[in-house]
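Next up: some structures, all given as structure tokens.
Here come two complexes built around chain A, the first alongside chain B, the second alongside chain C.
== the complex of A and B ==
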């Protein structure tokens, strides 16, 4: 089966300035793709190119086997939800949600029905006649989402849509949006710099660094088998042994004695931390690195310990490159 | 406290002089108690008054239209796009305000004679653009800067063409800029005397051309009536323009 969305060797330059290069990925219909990377790494420009607001310097975009590379933004069936809600301040919530429908050949009744339906979907049925300034940040972002979803885009792009919301609301919105996208079977690209968000939202995660994907895979894959040192450091959950190898952190444990059959790092207990109701021990290694490890045993602060792992768990970084 | 200061100044410098003007226009010259409508009668008895008023409105209308078209496009380009020579273009756009208008008019007059625009209403519209366009570009430029590019991109992503984005998003959101430009350019165009006289060559008679010779007249009732008539025009034009603006999409709902 051919993939639903296909991006081939896309690159973008502004003059001599290269924003991203050799970006390729494939998505099945209904899949959510989290693009995770540090801020200012070209993720937004990638989305803008996919939406048609910028043109690709090279490479191609196919959706459903149709080449959309040169199609203008307003006829491309790709919708983009920006970082800010960008609701039209002079239109009511109903008019905002229904705006895109104006350009489709639908009768008025059908349009009204759809707007009502989507207002209900985003839980804002009672707000239809209000103006954007009367809504809270979370509500505005929901309207922005409804305004894009109502067009049933073939590809929905989300550019850190929750970054302007406070923490609690953000966590709630992630769950809600993911559910909604799954319900509507929308294929989506979700850009974020937050690791938790990427894992929570995506069926597939792409780690985007320095203008290209360093690794693409399922959340477990990327989490368990980072393909490069940089990804391991970025995710912060693999214990880096040296430049070429790492140990998944759950295989680490603490030992009071030296054991030559294992790999060990010497250190002192620096304190106890409680995370989600569990006691974790923080160890200050002699290399002055810090590591937090879950251990059921009691340790005293200042005690000498060895962070220990079985050598069989040591894995090598390997560049898997782009998938597909 | 502030509100008292405002009303005092308003009463002293706006309300009081205008009331005097109104009062004088309905009384005999030099008296404020002797009621008489002679000032108005004499004003409308002038053969060229209504004709000149019409000419002024038509010229003003085209000046406003040109200002909107040029101001919106140039202002948008300056605010939202980067292009080679932007600062140079930006400076050139304000130049007409830095040079004496008469100097420009003399130069343009020669050019207009050659291309046949001298002594025509079109030529007068053209010369009225010189003192108005720089302001319009400034106003729209600021409007577009505060509007930003994102709103239009959002419209585009939702399927709107460039033209639809302009109608549905830019026009309503730039409404206060548009109102300022309409009023400002119409008033400026209406008050031009010398440049109209030079380019119009006496064959294009606007209201200002009829009005100025009256200023030294001893008939203060007539001058008062004329001044009020003169001041009423931009107001009426503005109200008319407002009515037209309301025909555009999403306009009725703009609340500030």
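== the complex of A and C ==
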């Protein structure tokens, strides 16, 4: 089966400045692809190239076997949802949602029907005649999403669309948007610098660093088997043993005694934290690194402990299986 | 208490400053209503049945309207298409330079270049005169020279601060270059453009020096016409001059009120909806 979206060896330069290189990925129809990477790493430029706002310096983009590499943004069936909602402030919510339909040859009745349908889809049926200034941040972003979805794009691009929302709303919006995209069977590329967001939103995660994908895989794969030291550090959930190996953090536990059969790091209890009702212990290691570990036992602040793991859990980067 | 009084305190200079023109307007109104010591509308009915005045009034309106619309259009096109050059210091200086010349200096320049046998018109076939001409081209040229840079300077900050992501948005939603101008630019610049146009219209409608220098003997713009009445030997024409001034001010006031009334709601949507 040929993939629905195919990006082959894409690269982008502005003069001598290389933004990204050798970017390739494939998506099935209806799949959500989270592109995870630090800010300023070229993710936004990648999206702009996919949307057609910038041209690729080399490489190709195929959607449904159609080569879109040279197709202009305003005829490409790709929609982009920006970081800010960017609603037209002088238009009502209805007019905003229906904006892109103006450029399609549809009769008025059909346009009205679609606008009503999508207002309902994003739960804002009662807000049609209001103006953007009367809406909250989350509602505005929902309108922006409806405005893109109403065009039934073959590929929807989302550029950190929740970054302007507060934390609680952000978590709620992730759940809601993912559900909506799945309901509508939309193929989407979702860019974020937040690993929780990437995992929550994506069927596939691509870790994008220094202008290329370092690893592409399911959230579990990337989380459990980071392919490089940098990815392990970036996720922060793998305990890096040395530059070649790591231990998934859930295999770490605390011990009061030294144990030569295990790998251990010495440290002091620096504090206890409660997260979602569970006790986590913060340990300050002698290497002056800090680590937070879930522990059911009671420890006192200042107590000497050993962060311990079974050597069999040590894994190498670039390798999947466990040692031994 | 201090906080409550503060806005008034801060408005005091502006209010004091307003006292002068308000007093002038009131005094003109009073003089035009009481030509013989008693309140009467006689002067106004005389004024509005005076064909010379009416002709001058509409002539001024025409010249002001043309000057305003051309300034806005050219100023907007220049800002829009040369934004890249206007952003840097050199570009800003080039726009500022015409701003520092007074209007009458600009008018002299037009006179030198475009009168009969002038530096430019002398080279044109037929040696046409574009200064002191009855069509008012000299006046319009002077105003264009001064007001286009003004329009650019008013629009420049709007264009620099405008969120350019709207251009991309329109494009990804299927819009063309024209829809980008219509939906991503126009709504944001329109309030400033209309306000600027209002300032230019009010000024060009009633300013004296430019039509006095490069205008024709006939027809005259309202300011020159009124001035002649005011300083003619015949004192009986003074109330007419006052009535003409009051009428011009009232006309500008009404135009401003109508435009601002329609702009305000739109502006509120734009400034609070971002």
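Just so we're on the same page, the second predicted complex is superposed on the first by the 318 of 324 C-alpha atoms of A that agree within 3 Å, B and C clash if a C-alpha of one lies under 4 Å from a C-alpha of the other, contacts with A are read in each partner's own complex, and residues count from 1 in each chain.
The rule is simple: a contact is a pair of C-beta atoms (placed from the backbone, for glycine too) under 8 Å apart; a residue touches a chain by one contact, two chains touch by 3 or more.
In this text, all values refer to a predicted model and were calculated from it rather than measured experimentally.
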Could you check whether chain B and chain C clash or fit when both are placed on chain A?
clash
Applying the document's definition of touch, where does A:171 land relative to chain B and chain C: first, second, both, or neither?
neither
With both complexes overlaid on chain A, does A:132 touch chain B (first), chain C (second), both or neither?
second
For A:71, decide between first (touching chain B), second (touching chain C), both and neither.
neither
On the A-aligned overlay, A:79 touches which partner chain: chain B = first, chain C = second, or both, or neither?
both
Looking at the overlay, does A:95 come into contact with chain B only (first), chain C only (second), both, or neither?
first
Figure out whether A:272 sits in contact with chain B (first) or chain C (second), or with both, or with neither.
neither
Let me check the overlay on chain A: which residues of chain A are in contact with chain B and also with chain C?
51-53, 73-75, 78-80, 82, 84, 86, 88-90, 99-100, 102-104, 131, 147-148, 151
For a test of understanding, state which residues of chain B touch chain A in their complex under the given definition.
150-151, 153-161, 164, 168-169, 172-173, 250, 253-255
Can you list the chain A residues touching chain B in their complex?
51-53, 73-75, 78-80, 82, 84, 86, 88-92, 95, 99-100, 102-104, 131, 147-148, 151
How about chain A: which of its residues touch chain C in the complex?
48, 51-53, 73-76, 78-80, 82, 84, 86-90, 99-100, 102-104, 131-133, 147-148, 151
In their complex, what parts of chain C are in touch with chain A?
163, 165-166, 168-169, 171-176, 179, 183, 187, 266, 268-274
